[in-house]
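Shared between the two complexes below is subunit A, which has subunit B as its partner in the first and subunit C in the second.
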Partner chain A sequence: MTVFLDVLLGGVFHAAILFLVAAGLQLVFGVQKIVNLACGSFYALGAYFGITAVGFAAQLGLPSILVLPVLILAGLAIGLVGLPVERVLRTIYNRDESYQLLITFGFLLMFQDVFRFFWGATPRTLDNAYLVYGTAEFLGVQVPTYNLLVIAASIAIALGLGLFLQRTRMGRIIRATAENRNMTEAMGVDSNRIFAAVFTVGCMLGTVGGALVVPASASSLDMAVELVVEAFAVVVIGGLGSMRGALAGALIVGLIRAAAIMVLPEAEILSIYVVVIAVLILRPAGLFGRAVA
Partner chain B sequence: MNITRRALMRGIGVAGLAAATPGIFAPAIAQAKPVRIGILAPRSGAMGTVGECGIRAVQWAAERMNKDGGIAGRPIELVIEEETSPKDTIERFRRLVLQEKVDCVQGLISTGVSLGVAPTAEEEQALLIMWDGTTQDGVKEAMPKSNYVFRSTDNECEAVMASLLAIKYFKGKIKRIAGINPDYSYGRNNWEAFQQILRRAGVEAEVVAEQWPKVGTMDLTSHVAALKAAKPDFIFSSMLFADLPVFMKQGSAAGLFEGVNIALPAAGWQINQLKKEFMPENVVFGHNTLYFALPTASPLQKAFVDDYMGRYKEAPHWEADRAYFALAAYKAGVEAANKATGRWPKLDEIIAAIPEQKVQSLGGPGQFRKDKIAEQTFYQGLSTNKNTYDFPTLSTVDSFTADQLQKPPGVDFWDWIKTSKLPV
Partner chain C sequence: MRIETSVRAVASPAAPPLSRPKGLWALLVIVVAMAALPLIASTYTLTLMVPFFGFAIALLGFNLLFGYTGLLSFGHAMFLGVGAYATAVLTSKLGVRSFELVLLTAIAVSALIALPVGYLCVRYTRIFFGMLTLAFGMLFHSILFKFYGLTGGDQGMRVVRPLLFGMDSAGGKTAFLTGPFYYYALGLLAVLGFVMWRIVRSPFGLHLQAIRENAQKASYLGVQVSRTRLAAFVISAIYGAVGGAILAVSIGLADPEMVYWTQSGNLVFMAVLGGSGSFVGPVIGGLAFVLLHDSVMAATQYWRFVMGAILVLLVIFFPRGIAGIAGDVVARFRKGS
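So, the complex of A and B:
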């Protein structure tokens, strides 16, 4: 039982981070129909900026117990970089999808040099922030409290995002814009503002994900590309453009990976892509995606 | 004595020129043609910190040697290029040799890269002295007879030493072993060597878990969970990049190390990142060929460590020693050949002279064997957190020479493990 719980918690922690990035990807695609390859860069940006923010907070004398809120605020603040990026993307909204792919791929590569310029080429860590909250006993399993807090934060963000999209006026406008941009524009909605807001929120989901993961791991130049690969597995499994799909896909990828590491470590990546291929063959639109005629 | 006005003015002119440009009368070294040394070292990615430490050390070495007359009276000039992928590094090697016209290329840390560059050095007939690169395909020597390529000690030395120390300190307590090692030949061979040495020492331990994270994997929570589930009493990990501190941090938080002994043969590379807060004590901790806090350190090491820590506010690791050793071995070879011939030696004379030179490197004495593979001094021991740093040091320091830890020329590594006279 404790073995199962250990694997489960490891998988869910990974899924919690993956969900945030994939949710940003889904939100942007759902509304703007852009496959944002730069989502991995926003994740890495959040990680690097999180380290800077925690260092700054320490200089201000803030107690280390505030590391989690500092990281979330840092992720939200640096997520505003989505606004100028969206302004660039706006120039190619009416072009072929391949242009959008290429320009977001360009951002993915360009951001690597931005990280190199500001934070250097070597991986950076937050030395002791991971252990600030100590460890917790969860059904007989010792688990870092920070992992549980990240999982809780991720669930809270998922619920908040769901409520925002389902229950608020702005959320209804966003969903209407996703359904039919021309119709909402005819009704007086400024779709440019909606797109800017959606892209920025999508970007913030990625930056918050990166900021939250960094105490447990490290920021590095390669982390953007590595995450994009997994985030797309999530999206393919869950269904492109579906928030529920992002949640289900992240859980599936996180848990499959954790189980593979336990049973057959060599098959860590293979096991994820077996599921991706199976979904593509048997249910091309993904578990929660809508088939396109 | 009659002094004409013209002679007086000429004398004043010469004296003025001398005062304005003191270098013109400096020792002959300043006028001699520089010895150009090309450096290939990683400056970014997982190996960025490692390469940076080596570069800092070779710059320190060049500065120190230049103050002392350079190499046979010629000043050292470094031309630094980045080590990246094998293909790009080969191109940079060629550029150093053909365009920069360097006298010798030094550096290379990744064996994946050095395996590609070594044949190019042979082809270009250019001298290459590697810091940490080998020409091993796995544990097999892929270039038994090289003419221009000097290689580092074998990659498995640190694993052999850590295995011997695990037996020395924990024999009788090793029943259930688990490994978490990087998923490439280095990690796999180290793990296999550890098991074979345990067996040779009569330690019949059960392998309860084997983990092979890809280099650079930064979320190791599932790996930690899998290791914890296996309930090992000894964990062997030859992880050596930024993923090692992440593993130790995540493992510590999950309670993985409680009641478990650990061997980290290559931990020295990450010394500054392995913080006391998550590092258990009594870990078999590998510092390879430079332990920065060696109590019996030479004046050379002490001077280097003081300068390095004062300047960069962190501890140097073994890549500094490898970089220093490469330059010192080249200097020793050139000066020996220079002394023998009475002129600046030809390349083949330098190459012939290098293997005979005993060199005092930062970490201790070393030399190149006749097959152009290095023999240096290795340091490991049990770690302690009782010190003034924020990372562990060694409570007991063991040192072995490479001839005790690496296979002799022409011998298969696995045969050597089975039959050699091991020092523990």
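So, the complex of A and C:
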């Protein structure tokens, strides 16, 4: 029972982070139709910048209890890097998908060295800063309260994003643009601005995800390329472009990974791809995706 | 203006008119130049060229899928790995040192793996094909990475120097790589390049291009779309495995890094750098990538940034790659004269 709960809580924590990055990927794919390989870089960027921001906050003498809001703010701030990146991507919106994929691969390579330049090649950690919130007991299992807070924050962001897209005027315009860009342009929507905003929000989801993960694990140069394949797995399982799919996919991937680590460590990564391939074969559009040609 | 570039990028003009074998001439020029290279170039340059031959062969296969069939594989490094690990297992574990036997095994194994994988993948096109191939590639990577007992895990597997045509060669590793193996790999590139040339010019190759342009129309005209795509997938896998075997010998090691998805990304990079719309473009791209990679790495530790920036600029301004630029220059020259 405790093993099961350990797996559950560990898996859901991982899923909460994965969901944020995958939601960014989905948002950008839904509106701009670009599969953004650089989402992993945004995640890593958030992680590195989060460490710097927490260090800076400590120098300012902020109490360490504020580590969570500092991390979220840091993620939001550095997420603005999405604006210039989108400006470059704008030149290739009309191109073939392979070129769009490739240009984001170029960004991924560039970001690798940005991290190396600013933060060096050795992994960086936040020396267990999350323990400031103590641990909670949950049905007989010890969990860091920080993990529960992150899960709550992720759920709040998911709800907020859903409300924003479904209920607000801006959200409606974004969904309309995703549906038919030419039509919304004809109705007077400046789609360049929508694209810039959507990409920046997508980027922020990634950077906040990265910033939130960093108290619990180190930031390293490998985290970008490793996360890309996991985020890909999430969106493939859930269905490209679907937010509910991102949620379901993140839970599936997070739980499978947590279970595999416990049961059969060799199959940790393997099991994810097996599920991905099974989903692609049985339901190529993903669990919540629309049918594809 | 914008529409015009988009059309060019989508429908990359792969085949020039049938009567002009330009691509074959360009390949021949490269092969002859490479054959003469040992007369003038330093040993260091020659050791760079051996991996290039491996990449070039893999890229010829990759472009049969990408340039000619319109399927972007983001997991093609898997087949480099199949070739590399076949070489490592045979030479260091089983004591089979004949490189011809190694190549035959690599070809057989890659075809055996490519058949089921390809069967599942070619049902999809566009981004889904790319994602599925990426998933299979990473599946293979995680097997190589995690199962220490079989594959040596992240340490990889050593590759023992193979026998070429049953002959061992005297001298050290560098002498072997820049001497007999250099010409052997170049010979393979020439032969496989010629075979690929015949493939893309055959009715089969024309079917592939018809599928790329319009799969539905092609199938109305009687082309067996899935089967033809599968055949292209298997052929490109075989080329990848042969290239991987050459790479493994030149590195002296087969390791999981060779199969990681970023390596597949590098293959796409090379193909686009050279120009996936022409027959010889990817080979030129492989050469340019190897030289560029080497010189940027020598110049700065931040070579990834430079390579990434080059890739971004390339995609924006020169989507048809080096071969496309060369083609434009030639066309302008003709018009002017």
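We adopt the following convention: the second predicted complex is superposed on the first by the 291 of 293 C-alpha atoms of A that agree within 3 Å, B and C clash if a C-alpha of one lies under 4 Å from a C-alpha of the other, contacts with A are read in each partner's own complex, and residues count from 1 in each chain.
Here is the rule we use: a residue touches a chain if its C-beta (ideal position, glycine included) is under 8 Å from a C-beta of that chain, and two chains touch if they have at least 3 such contacts.
Small disclaimer: the values here were computed from a predicted structure and weren't measured.
Within the superposed three-chain model, A:E266 lies in touch with subunit B and with subunit C [touch as defined at top].
Residue contacts after overlaying the shared chain place A:L109 against subunit C, while subunit B stays out of touching range. With both structures placed on the common chain, the touch criterion links A:G160 to neither subunit B nor subunit C.
Touch criterion not met for A:G55: it reaches neither subunit B nor subunit C. Of the two partner chains, subunit B is the only one touched by A:S220; subunit C is not. In the superposition on chain A, the residues of subunit A touched by subunit B in one structure and by subunit C in the other are 116, 265-266, 268-269. The touching residues of subunit A, when paired with subunit B in their complex, are 2-3, 6-7, 9-11, 13-14, 17, 116, 120-123, 125, 127-128, 130-131, 135, 142-144, 146-147, 213, 216-218, 220-223, 226, 257-258, 261-262, 265-266, 268-269.
Per the touch definition, subunit A reaches subunit C in the complex via residues 35, 37, 88, 91-92, 94-99, 101-103, 105-114, 116-117, 225, 228-229, 232-233, 236, 240, 265-270, 273-274, 276-277, 280-281, 284, 292-293. Contact residues on subunit C toward subunit A in their complex (touch as defined above): 2-3, 5-6, 9-10, 66, 72, 74, 120, 123-128, 130-132, 134-136, 138-139, 142-143, 145-147, 260-262, 265, 268-269, 272, 301-305, 307-312, 315-316, 319. Across the interface of their complex, subunit A is touched by residues 43-46, 48-49, 52, 183, 210-214, 216, 218-226, 228-229, 241-243, 245-246, 249-250, 252-255, 273, 275, 277-278, 390 of subunit B.
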